[in-house]
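Several structures are given next for inspection.
Here come two complexes built around chain A, the first alongside chain B, the second alongside chain C.
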Partner chain A sequence: MSDTSTMYKQIQTALTIHRRDFRIAIFGPVLYIVTTISIAIGIVIIRNYLNYIESNGLYPMPDLFSFPFRWVIILTSVYLAFSAVVAIARERESGAMELLFYGPVDNVSYVLGKYSAQLTVYCLLIILYLICFFILSNIAGVQIPANFYMMMLLSLFTGAYLISVGVFVSTMSKSVRSATLVFITLIASTLLIQASQAWLSNIAPESDYYNPVLLLQQLLGWIQVVLTWLSPFSYLNYGVNEMLRGNMTAFLRVIGLSFVFCITFIFSSIIGLKIRGVRQ
Partner chain B sequence: MISTRDLTKTYPEVEAVKSVTLNVRAGEVYGFLGPNGAGKSTTMAMLLGLVKPTSGQLSLFGTSLENDYFAIKNAIGVVGENPYFFDEMTAWEFLSFHADIFMIESKENRINELMENVGLRQYANIRPSEYSRGMRQKLSFVRALLHKPDLLMLDEPVSGLDPHGIRQIRGLIEEQKKSGTTIFISSHILSEIERTADRIAIMHKGKLLVEDNLDGLRYSVDQSVRVNVEVSNVPETLSGVLSDIPHIVDHNIDGQHIEIRLDATSDHRAELSSAITASGATIIGMETRKASLEETFMTFTDDNVIGLSKGEAQ
Partner chain C sequence: MRKFIAAILLSWLGLMSMDTDVRIVAADNHDDDKRDLPGLVDKTEKREEFVYGVNAYNGTLYQGVFHPPSVDTIYLLADTINIISPRKTLIYYWAVTNEYKADFDSMNEDIPGTLEIKLKGELVLTVEPTDYVIQYPEGITRGAAEVYLGGAAQRKYGEWEEALRMYRLDVSEYYEASRNWRTDLTERVQSGKVTSEDDVLVSQPMRPADFLYSSTKVFRGVPLNLPPGEYDIQMRNDAGKIVADSVKKLVVFQSDRVGVGYTVIPEDKWTTPEQTYNPDEMLYVRSDNTLYLDPFFESEYNEQYFTHLEAPQAPNFVNFDWKWVKEENFKISDSSRWRRSEDADVTFIGERRPGPHINDEGIAYDMQVVERDMLQNPIEFEDYMVRQNPGKALGYEILEAMEGLSQGMRDRSPDFSAFQIIVRRSIQDLEVNLQGDDGAILSGSGRTVDVVRGSGSTDLFLALILPIVLGIVMVGYRRYSLKIHREKLASASIENS
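After this line comes the complex of A and B, so read on.
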């Protein structure tokens, strides 16, 4: 069989899996709960800003929408990545993955089908959030700045990257339990290190050269440097900050790197599934 | 159709399949037997590309999965031991999804036709979780037959079914056999294999012990034919007469019943009948009894156990 024909069949099969998973995702109640919570958090933050403006007559920050939108994005992408983790690991555990591989489904079409379904849901949610933020801006009487759309573009790439990490974790895991544990540990440790580093950096160490706070600050600083290069959350923060500073080269670099990491993780998932096999 | 050579699968703790060489011919029903843990499922998983062999070669339709994955998979229908269905789908949606995976044109007609055949048409819009075990197994068959496969691989197809369900599944297998589909059945239920299989392979402790048709298997465990004769007027000389017949391996007279073992080189029943009549006895009935597959299977696997334990002891 020619490579073109194989590729055509892989795409067709991936699309069939995509349609099924997309349907499962949009008919599940959890998605709507997460979306509602995300929008509610956005509304609360914007409402606080408006209260601040009302009482002080000053803007708390130049762009009222970037910070709440970042939260909305983080929540949604973490949920969809987790959803990918559970979907794949559960299919392996239950035997559904084996059932699919009885037929003309290979590791490429399976991973692409699963991944693209979550990504499509994510893209649709971004559009939904855009509409919500539009409505909010009209109600608040504050115009959405042009760079908000740039941030949306960036969030597509960082979200795609995080979902690819979820797919990778699940293709390599034995069970739903282990996949969930690995994914939650990854996300929690990433966020914890970032938060700890921010907190520790505010503590002024004593002048003692061997002060443990100083050592911890240095250690977390190094880990933070590594995370800056790896974590999708860091890419989102870094990209937004650089965009607000007007550094478009850095902004585009963040998009490019997110894309490269995303492709790397999808490719690793395909290879991982081949090595790991479809059985538990 | 299926050919393997020295197929081996080794896990860190155990060698699950040891140098298995088997050949499944086009159009035949191939029974794949073995006790639990014999390596049947691992072998089937390797044939289906679900488990990577440690060493050895395998080919399906004269080629390997690496060379023509989609063409081979499109020609195989599989019914697994534990039928799995997607919880969120009705039977119809489940079949429709699989028809899309196989890119079946006019899938509605095909699904309707098969559902009608197995008597599930009126239950098409119900979720399979609400089906009985037999109905679920039939639905699995429908899924496996959707794309009109050339090769049907069945793993314990009647396991856990009641006699009515077994009969329905047997009917489906026979229908496929008539239409020329090659069928590979792995099963514990020996009577089913005995009824349907053209050739049989027996696996034990990861090794393929034998691969032959049923008569060949019987001959390899017992080179004699058992004949039960019912007579009246048993003369005292009958035992001596029977002992003088060269083709009789041994005999046992129990009242009016005589159990005789003849060598299986050719049919000696006429000669036996003449000798008994000449001795003055009157033959009321005569029947040839062949060893059942179960007896043959037990002989193979028991002998192997004894053989292995002797080897281990040495």
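After this line comes the complex of A and C, so read on.
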């Protein structure tokens, strides 16, 4: 069989997997529960800002929607990455993956199909969030600045990167339990380290807690440096901050790096699945 | 996979146990702290060390700091004169603030030799210590700093001493004249020669203006004016040897951006103003509000670099953030209508707020306001006075200085000067900029005033209807189609059977 026809078949198979997973995702209730919770969290943050403006009279900031949108997008992308983890690991554990691989499915079409399904859902959710933020903008009388759209563009890439990490973890895992544990540990560690480092670095040298946590501060600082180059959350924050500073070179660099990491993880997932095999 | 999970968990446990160990050590340290408290027995152990004393320019003034051996990097601003002074002194650890302190009173020895500066391993500059003096002719924080080196340092210090001597003489003469005037006045009052208030005021001696001219003593140090870069420095003594602990990194940096920031004073909270640093930032405001925008010139620096310029012993965390630093105040657009007390048409006793100004070149600025793409009348920079409401109830009102003057607020200077923006209910958004009298917009001065609607906070949750309705429709459609599908299957199987 020629390479072209193999590729064609792979694409067809990937599209079939994509359609199936996409339908499962959009017709299930969990996606809408997560979406509603994410938007609710965003609304609570916006509400706090508005209450502050109402009582204080003013609040200078680059963009009122930037921080709440980042939270909404982080929660959503974590959920989608997690659902990719569970979907792939469950199919392996139940033996469905092995069954599929007896048919026309191979590691390339499987990974691409699974990944693209989650990515499509993610893109649609970004559009849904855009509509929600338009509604919020109208209710609150807050204009959406141009940099909000740039942030959405960036979130597309960082979200795609996070989903690819989820796919990679699941292709390398033996069971749903281990895949879930690894993924949650990764996400929780990343977020916890970022939050802890930010919190610890605010401890003043005069504080009683300064000496006890100095070593931990330094250690977390160095881990944070590594995370800055790896974590999609760091990319999102760094990219948005630099974009708000007008540093579009850094913004484009973050998009480029997210894309490269995304491709790397998808490629690693394909290779990983081949090495790891489809049996439990 | 289990090994992988175990490794992650172990590293977390390791982190936590490390934290516990440090806490135990810290508990011991705290006991030491108590023994080192001032008032108790002084157990601070002083030791002789080589340090670099640095007079680092921070964009506004020269800040004196010192770098003990524990600090390996010196941070300086590029393209300005900074002074590095190699010294031998006594240093001690001050546990209260977790940093080394220098006892320059007990020991402050100049180290003779030359300071060598290397760039990428190659010696690019050799500088010998020279005399220097730092002066602020208009006063510290009021005007630009001036650095004089070598013979000029001695001369300018001499001039300062002479000016100070003259000031003291003037003050002495003033007190003498005041005493005489009081005695004379008492005699004239007693003899009935004073007939009007003017008799008293005209003959009263004038107090000399405050002595703002400020100067350091003449010290010895190495003046450096370097372009941005990462250098290595070391001190070579007269014997040709490198002085111990003198090898350090030298990071010379410049601002990444410059702009115009504003101190935004809401009318109802004038004592708690907000700052807006970022050019093109949004000012979210409540409608029916009056704001006062007081501009200042600012520069943005790498936060870690700038923090260590001002506090060399600050924790050395990795920090990629940026920091805006307020540098200069804005100046009134026309020649001040408020005169010093020696002028003939005295209106206020006092001065406008001091400080250097961004438009010292003579360009006057007004605030350009654009509402719905329509250019509004420019707003002028005005003086304002705040009047406390009489009685026990809290409250105040902000008046234009002329209005305050007309209402008898004579014996004080304006409380602040700013551009006044009135945010009416009908206004949607405003674009504001500083426009010079040459027509040019001052770069980095733009802000958007976004008037936030005072909606009920629960209204926002209406946006949740969209994902909920979408979810109900999608899940409902799926269940309905499945139901139809199952019914079709059931009817088909009945037909087949």
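In this text, the second predicted complex is superposed on the first by the 271 of 280 C-alpha atoms of A that agree within 3 Å, B and C clash if a C-alpha of one lies under 4 Å from a C-alpha of the other, contacts with A are read in each partner's own complex, and residues count from 1 in each chain.
Here, a contact is a pair of C-beta atoms (placed from the backbone, for glycine too) under 8 Å apart; a residue touches a chain by one contact, two chains touch by 3 or more.
In this text, all values refer to a predicted model and were calculated from it rather than measured experimentally.
Applying the stated contact rule after C-alpha superposition, one finds that A:131 touches chain C and leaves chain B untouched. Counted by residues of chain A touched, the larger count belongs to C, out of chain B and chain C.
Shared-chain residue A:225: touches chain C; no touch with chain B.
Looking at the shared chain after the overlay, A:278 reaches chain B, while chain C stays out of its contact range. Once the two complexes are overlaid on the shared chain, A:260 sits clear of chain B and of chain C alike. In the superposition on chain A, contact of A:248 is made with neither chain B nor chain C. Overlap of the chain B and chain C interfaces on chain A: residues 27. Residues of chain C that touch chain A in their complex: 1-2, 4-5, 8-9, 12, 15, 18-19, 22-23, 25-27, 29-30, 96-99, 257, 264, 266-269, 274-276, 278-286, 289, 291, 314-322, 428-429, 447-448, 450-455, 457, 459-464, 466-468, 470-472, 474-475, 477-478. Only residues 45, 48-52, 67-71, 73-74, 76, 78, 80, 82, 84, 86, 88, 97-98, 100-103, 144 of chain B touch chain A when the two sit together in their complex. Partner chain C is touched in their complex by these residues of chain A: 26-29, 31-33, 35-36, 39-40, 43, 46-47, 49-51, 53-54, 56-64, 128, 131-133, 135-136, 139-143, 145, 172-174, 178, 181-182, 185, 189, 197, 201, 205-206, 208, 210-219, 221-222, 224-225, 228, 238, 241, 244-246.
Here chain A touches chain B in the complex through residues 1, 5-6, 9, 12-13, 16-17, 19-20, 24, 27, 94-96, 98-106, 277-279, going by the rule given at the top.
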